[in-house]
């Protein structure tokens, strides 16, 4: 499952998580399945959580006329 | 001839019908100058439309002028759309204005309407063509002017909401004659780079002319052909451009576009935590439910008081055993009761009673027998004694007691007459206490005296 | 007559005696006849008397023979 | 007659006896016959008397053999 | 008769007894016969009596054998 | 009968016992049959009694083997 | 039975247990069957109890592994 999850996108993981939660909340899952789903759900939530923490804050860029991508600094309001 | 006069009303009505039926006079656009403008207190507008060589009365009812974005004035050049008709009471024809625009930009409106109709027919606005905006994009292309509030609003909003996303600005001209090609080119470029998940195309607010590039067909086509989902963000909320119609998602402002393009990371985190919590809660609840259910079962009467299973049966058994005993004893009792009853009856028919009765009977009969024989004997004896006494009374010998006597001759015959006993014969005289043997000496005849005899017959002798 | 009488029953003798008495009571019997009848009556009464005495004896004899029959005590109840 | 009587039952004898008494009580039985009937009656009475005495003896014997029957009591409740 | 009776059931004996008593109660049984019938009745009642006593003993024995279950106290309420 | 009874279930024995009672209650049971039924009834009752005791023991044993199941505390909220 | 039970799911066991309890509480179960059902019930209840404890443990373990995010306080409202 871990294998599988690692190739999931964040959206897929969230979707799976929601489904798992939904099913568990319906309460009609056999107990053995429920604990497995709980484990799966916890893994998914961990996965999603990590995905959101992974990257540092990105800087805005600009595509110049030359086709280069350079950092872009937003003009301050004050300059206008 | 004289009969063919029309009434004025008929004539007027004919004229009205004629004008109303003429399509070239209905739903037409007219370019004119306003004069004699009057705003009626009830909201209707009355004015004259004129040009250098003609004029016509016009009216715009409140229902139509309510959405006008400007206030008409005398001398103002306007484009009006409406119908020509006749006001019958005055016999005047006039123009009924439905829509009015200031002239000058009026041409742009016409172009806008024309293009909108055309693209709509071509299917550019079709909902089925709209692409899904990715919920969490990694790369965002922003196509707008590098200066101005729009780009700043977009970038800061995106970075604030979702810092993990890459923003790439594709700077374009957003007004002036070069704007449309510039925008169309940037859209194409963004598609060529192939790394963007979504693009925001737009600019800040401005006049219709300033926003015009976004009403150009070239831009519409570029948006339409973009494989990357496009969020349009042109001007303010009230400005609706062709680009807005074509775009996959229309944002009312650039800031709104940024908000639509990326999710709020805090919200996302919150939602993950929330799901995690729900997960745990669901599991806890499930466990709790099952535990409770199990507890309930384990604490059930049957398990808590298993002896009850037996107790009932113990009692049933007791009842039955008791019944067997009771019924058997009852049967015995009944039988013994019956026997006792029979014994009493046997006692009653004891032969000693019978014997006693029979003895009494014999004794009684015996007595009766004795009594009967005695009676019989006594009867006969009494009868005999009675007869005997009677006989004795009747005895002829009784007369002798009174002095009479019987005289018997020698032949022992009774001597009744003198001659029955001859003289010298012996006679026997029978007296009461004996006999006298007498010799007859003599005889005398005579009669027995009459009269007194019979009376003294009883006691005389 | 004596001959004759000895074969008489008591009742026949009594009947004859009654007739004799009856006739005598009528009173119109000639004396000689009356005396004869009276004598006849006396003979009959003698006969009857003797028959009665004989029966009396017989009765006594029967009772004596059956002497044992002491009357049952009816009041048996008292003895018990 | 004695011969004859010995084969009589008690009841027959009593019947005869009662008839004898009945006739005698009617009173019109000739004396000689009456005394004969009396003798007959006395014999019958004796016979009956003897039969009864005999029965008495028989009874005493029978009852002694079978002893006394004490009524049976089922009332077990009292014994507990 | 004793031979015969021993193979009778209680009910048969009772029935016989009832018939005997019934006949005796009608009273028209000759005396000699009555004595015999009474004797028969006595024997039957003795037989019935003995059967009852025997059964009583049997019951007592059964109850004793089952000794463990003894105290069938119906009035349990009072003891508790 | 003992042979036969040993293969009876408790309920069958109770049913038999009930039938015995039913027959006895009809009341017109011949004496010999009644005592036989009484004996049968007592045997059945003994059998049932023993079965009950046996089950009682078995139950006690089950409880001992399985120890006691301590109920889960459902009121987890309180412990946190 | 133990063999059989070990392959039961928790739900199956609970269902069985519920049936057992239901039948036992109806009270008209034959005695022999009742004791067997009682035993079965005790085993099932033990089995279910163990399964729940196991799941409990599994859950605790998952939560411990997920340690970093630990304090999912349900009663967050109160602490804040």
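Note that the chains are named A, B, C, D, E, F and G in the order they appear, and that numbering of residues resets to 1 at the start of each chain.
In this text, a residue touches a chain if its C-beta (ideal position, glycine included) is under 8 Å from a C-beta of that chain, and two chains touch if they have at least 3 such contacts.
Computed from a predicted model, the values in this text were never measured in an experiment.
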item: Shared interface partners, meaning chains that touch subunit B and subunit F; value: E, G
item: Chain whose Cα centroid lies at the greatest distance from that of subunit F; value: C
item: Remotest chain, subunit B as reference, centres from CA atoms; value: C
item: Contact-richer chain pair [B-C vs A-B]; value: A-B
item: Distance between the centres, which are taken as Cα means, of subunit G and subunit C, whole angstrom; value: 132
item: Approximate Å spacing (C-alpha centroids) for the pair subunit E, subunit F; value: 36
item: Length of the line joining the C-alpha centres of subunit B and subunit D, rounded to whole Å; value: 93
item: Junction residues of subunit C, two or more chains touched; value: 10, 52, 55, 59, 63, 69, 72
item: Where subunit B touches two or more other chains at once, by residue number; value: 273, 276, 280, 283-284, 290-291, 294, 298, 306, 309-310, 313, 321, 325, 328-329, 332, 335-336, 339, 343, 351, 355, 358-359, 362, 366, 373, 377, 380
item: Those chain pairs that satisfy the touch definition; value: A-B, A-G, B-C, B-D, B-E, B-F, B-G, C-D, D-E, E-F, F-G
item: Residues on subunit D engaged by subunit E in the complex (per definition of touch); value: 9-11, 51, 55, 58-59, 62-63, 66, 69, 72, 74
item: List of subunit F residues in touch with subunit E within their complex; value: 30-32, 34-35, 38-39, 42, 45-46, 49
item: Touch list for subunit G against partner subunit B, complex; value: 10, 14, 17-18, 20-21, 24-25, 27, 29, 31, 34-35, 38, 41-42, 45, 48-49, 52, 55-56, 59, 63, 69, 72, 74
item: Subunit B - residues contacting subunit C, complex; value: 356, 359-360, 362-363, 366-367, 370, 373-374, 377, 380-381, 383-384, 387-388, 390-391, 394-397, 406, 414
item: Touch list for subunit B against partner subunit E, complex; value: 318, 321-322, 325, 328-329, 332, 335-336, 338-339, 342-343, 345-346, 348-351, 354-355, 358
